[in-house]
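In the two complexes below, chain A is the common chain; its partner is chain B in one and chain C in the other.
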Partner chain A sequence: MKISDRLISLFQTIGLTPLMPVVRLCVGEDPREQLAQLGRMIGLPLLGFGLFLVAWAVTAANVKTSIGTVPGPVQVWQQAVGLVREHQAERQREREFYARQIELKARYEKAFPGKVWQPRRYSGAPTYLDQIETSLETVFAGFVLASLIAVPVGILCGLSRNFYNAVNPFVQIFRPVSPLAWLPIVMIMVSALYTPKNPWLAKSFVSSAITVALCSLWPTLINTAIGVGAIDSDHINVARVLRLPWGVRLRKIVLPTALPYIFTGLRLSLGVGWMVLIAAEMLAQNPGLGKFVWDMFQNGSSQTLALIMVAVFTIGIIGFALDRLMLVLQQLVSYDRAAMR
Partner chain B sequence: MAFLNINRVTKGFGQGGRRTCVLRDINLNIERGEFVAIVGFSGSGKTTLINLIAGLTRPDAGVIRLNDLDVSGPGPDRGVVFQNYALLPWLTVYENIALAADNLFPNWSREKRRQHVERHLALVNLAAARDKLPHQLSGGMRQRVSVARALAMDPQILLLDEPLSALDALTRATLQDEIERIWEADQKTVVMITNDVDEGLLLADRIIPMTPGPEATLGPEIAVTLPRPRNRKALNHDPEFKRLRAAVAGWLLDAAAAKRRATPHRTLVLPALVAAGLGQSATPREAVIS
Partner chain C sequence: MSANAFTSLQRCSARLFVGVALIFFGVRLAAQAGPLAVEKPQLKFGFIKLTDCAPLVIAKENGYFDDEFLSVTLEAQANWKILLDRVINGELDGAHMLAGQPIGATIGIGTRAKIITSFSMDLNGNGITVSNAIWKEMQSLNPALEGPHPPHPIKADALKPIVDRYKAAGTPMRMGMVFPVSTHNYYLRYWLAAGGISPGFYTGGDTTGTTNADVLLSVTPPPQMPATLEQGTIQGYCVGEPWNQQAVFKGIGVPVITDYEIWKNNPEKVFGVTEEWAKKYPNTYLAVLKALIRAAIWLDASPENRRKAVEILSRPEYVGADAAVIANSMTGTFEYAKGDKRAMPDFNVFFRYHATYPYYSDCIWFLTQMRRWGQISGDKPDRWYIDVAKQVYRPDLYRQAARLLVAEGKMNPKDLPDTDGFKPADDNFIDGVTYDGRHPNSYLQEFKIGLK
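And then the complex of A and B:
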């Protein structure tokens, strides 16, 4: 296969479809058609986004709230840049602090030989990028916990009609419950049960992660059960005629049939989990994006609205990136690419 | 004692008052090394019969014995070639056949199993496609993989459930010749279900028609004494072939007509229509719908 064909197939798998006409243009294939496609894939969205920015700028300047005018795109961008600069300044201060620590340690041990300098930790507040990192860690912790519960239970539901009938009422009742309802219960339980001497994970982290898990495990569970139940009866008959042992049946028939469904469920779960996370963080005060939004709201400064809008865009872009990541994994796992979209 | 003995087998589906009897009083004896074709209409219960012989379902009444042992469940001694191929779509051609070899002969060395799979790949002329996935193959190729997998089980009897129904006529002709060639190689006992009389006459030693369902039963057995190998083009002019074809097809069509006559029908009274200006008297006529 030519390199250009490989690249095109790669971009299709990853989901970067606008790059496909670019490759074709480089190869010299029908430039007019490729430019038209590029126009459609990149030009139109850019145009739409541009119009949105203009409309936003115009309407924002005309709306006055108790904290000032609604910020337009320019102010929001300035705030975003400000947050990044703040993060960089904070990191610089941290580096200087630790450098001073080394110097102080040397002077102390020279002045008082035999005593050991107790190192101090830098106590700066978490920056915006730190908070993004915390959010991502929390959502992954919750998502992994959810998957570890949902996939085995889903497989059991799909394999055994009796198990499914027993579990189904719980699934139907607990699925629509909002994270805001779960959170108080989770926080009380975590306070009571999670009392280690040296907690490695903060209580707010544990509460948020468990809430995310509780709300996001349902799509995976349901999709896994459907996937396992969707096994072709012909394949089962092949397994019966060959008298395949239970383990081989699971590995070679049940799991490969169910895997595309499982990954669909995982993708949906991650999407739900990311949405739930912001609400959970807000209430549990986990130092992530949710807390950032809540703090800005409580702050009530003139930059509040702009900062919250930065957070909104950040949340949206990260959610999109996470979904794309799961889509790529889903594609890789599917044996018939055309069936997955 | 015959190699495969089916004695007064009856099978129905459904519960209580809605129970339909699909097969009634099936009797069949097959000797080792015979190629038997069962010809019938769609929906007459042919797949049910194959499932009964394969052990995938149990009969309501009657007994099925293979090699003097009762058939009580599915097993690799009865290899099945399904109508829809039943290949695992995530395994390559080689791996699909190896599924049979690896699980049925765990005591063999890896090399011996590999050679077993390669031999069957070559038998169906698919050595070049060994690393392809089923969705990359044509229908004819998929069916050949299915046949290779069934033969790799080393079964005592091969059951073909309308193996060529899902293919177009030209591919069907090619594969019929392939099946004959493969069968000549080691003369396994074969029971083939088909809806094509010509296919049965081309491939089988004996052809048995089946009445249309429900409550289908087997008709008179007709021995196919045409010499092998059977040349499709030459057979078109062979008087014995034409006679056999007429006999089997005739019996099937008569059976279908008898079934239609026997089923209850409704009587509708047609309105009395008279063409204006022709002066005919208007009398209501009756029409019988079956």
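And then the complex of A and C:
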């Protein structure tokens, strides 16, 4: 296989299809056709985005709200830069705090001879980048939890008609429930049941993650059930004839067929989980991007709108990146790549 | 800009550090005072985005917590309910609370948990705002209110005909307050009732407090008040600063009265912790109280300090509103209708008039209002009121902390009041009724509207 073909297939797998014509162009493969391709795949999206920015910049200045005019792309970009600077400044303060600890420790030991100094942790406010990190951790925790439940239950549903019939009503009733309805229940239950002496995970983290899990397990569950149900009956009959043990049957027949479906479900689940998380953080005031949006809304200052727009773009870009990530995994396990796009 | 301010603050607190350290060791020899051996150095306190969270913010930013070897995280909360629940379940070590919250929790209104306070965070600081449309109507009905500088205080009598009209039309007027046991609920009710308007009663089956109401009161978190008013969900509200001044800046409403005019130097927020927490970490609690008292002293020490406080509070992680909005009420003025800015030096009091001292009589006043509006069902003897006050308000701990500060030379001994916990009888109310905390039941007899 030529190196260019390998690159092309790599780009295809990781979803960077717009780069394929670039590779073809480099090896001199039909330049005119490749340039046209390039125009369609990179030029048009850029043009669309450019037009959007211009339209935004022009209209924003004309919309007056009670907290000032709607910010344009430039102001939003400035706020984004400001948030990153603030993050750096906060890290600097943190370093200074830890540098000061030595002095604090000396003072403490002088005041309380014989007492052991416990190091103090820095107690500054979480920055925007910290909030992004918290959100990502929470969504992955919830997503993993959901997958651990949804895949086995989905496989059981697909294998046994009776099990499916028993579980189906719950799935149908709970699937459409909004995270905002689950959240109060989850918060109260977590407060009551999660009471370790030295909590390794914060309560707020646990309740957000469980809410994400509750809302995001359905697509995986349903897709898994469909995937397992779609196994060719011939294959199952062959397995019966060969008297394959249960574990082998699962590994050799059920999973290979159902895997593409499962990954489609997982991809949908992660998307739902990400949307749910922001809402859950907003309502429960659990740390993360949702809390950032709500705090900024409550501030009602002249920067509020621009800061919230930064958050909107961040949420969108991260959601997009997560989706791409799942797409890559999905493509890696699927036989028929073209069909899964 | 904020980075610069921070470094200068840091430099200043570094200097303070050295100075304090010197004082510590000097005084320790003489008076055995100094930092306490804190049991729990890592603390997290909750607050609501209001200017009166200032003592907590200043204690942190000025390094007063550091001086006590405490590392404190301050976290904004969405509303008073979440804040209270988090203190009860231990996610927060303590919080900026409505004065009614420790009392309500202790006697079981809404939730039940023993919460105590040994530190009042401020006096006054609230206002009642009505929407532009209501204000216009009030002006057209009362020619005295026309013009750019109408006479204040404005009584609810001026609002009554409009309330009646709304009620006759079948859509009663709606007003917002921040929590069922909030000071705002009680001051708003007090003002309405003084003008002959019934704000409604809480009964066994009605926990929304709208039975027999002329005006329907409902709960909205403070920072959302302006947005809710703007949406037209409510026609007015009672809330703390900066959310009245925010309405003026946004041009969506007009403050008609401040709580200072409803009851001169009324008690406002408190710093609350669970009784269990205070027992488990006694030294930590005293150290926190020391830092808070120092912050309050600093806040009232000079107009210059207030201006610094405004800058700190306007940072997004604290109150986050624009500095100009916060400054409007924090620096000795209050703006009613746009342009009608008046001197009001006592609008925000953090330390003067013994503002931080937890008086039993303040607690009992809130209890009388809870009874007046039916949150406390049934008659209670005077003795009961005093017993509850002694459970919830703990001036003994305040005195301990204050004495330590006096010994360290950080507090003037004159600022520690000589009192049995009851303020003298007070008639500085908008309706002229006299309040004496020793006789809550006879006080309740004085009101035309309200349970006795």
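Operating definition for what follows: the second predicted complex is superposed on the first by the 323 of 341 C-alpha atoms of A that agree within 3 Å, B and C clash if a C-alpha of one lies under 4 Å from a C-alpha of the other, contacts with A are read in each partner's own complex, and residues count from 1 in each chain.
Criterion: a residue touches a chain if its C-beta (ideal position, glycine included) is under 8 Å from a C-beta of that chain, and two chains touch if they have at least 3 such contacts.
In this text the structure is predicted, and so the values were computed from the model without any measurement.
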Touching partner for A:Lys252 - first (chain B), second (chain C), both, neither: first
Which of chain B and chain C A:Lys2 touches, first, second, both or neither: neither
Touched partner set for A:Asp234, first chain B, second chain C, both or neither: first
Chain B versus chain C as contact partner of A:Leu244, first or second or both or neither: first
First (chain B), second (chain C), both or neither touched by A:Gln118: second
Touching partner for A:Leu104 - first (chain B), second (chain C), both, neither: second
Partner chain in contact with A:Asn299 - chain B first, chain C second, else both or neither: second
Which partner reaches more residues of chain A (counting touched residues only), chain B or chain C: C
Touching partner for A:Arg32 - first (chain B), second (chain C), both, neither: neither
Chain B versus chain C as contact partner of A:Lys64, first or second or both or neither: neither
Of chain A, residues touching chain C in the complex: 66-67, 85-86, 89, 93, 96, 103-104, 107-108, 110-112, 115, 118, 120-125, 191, 202-204, 283-285, 294-303, 307
Residues of chain A that touch chain B when the two form their complex: 232, 234-235, 237-238, 240-245, 248, 252-253, 256, 335-336
Chain A-touching residues of chain B, taken from the complex the two chains share: 54, 56, 73-76, 78-80, 82, 84, 86, 88-91, 99-100, 103-104, 133, 135, 153
Parts of chain C lying in touch with chain A, wherever the complex brings them together: 2-3, 6, 10, 17, 21, 24-25, 28, 34-35, 37, 41-42, 44, 49, 60, 66, 69-78, 82, 85, 89, 91, 221, 223-224, 226-227, 230, 246, 250-252, 314, 316-317, 319-322, 325
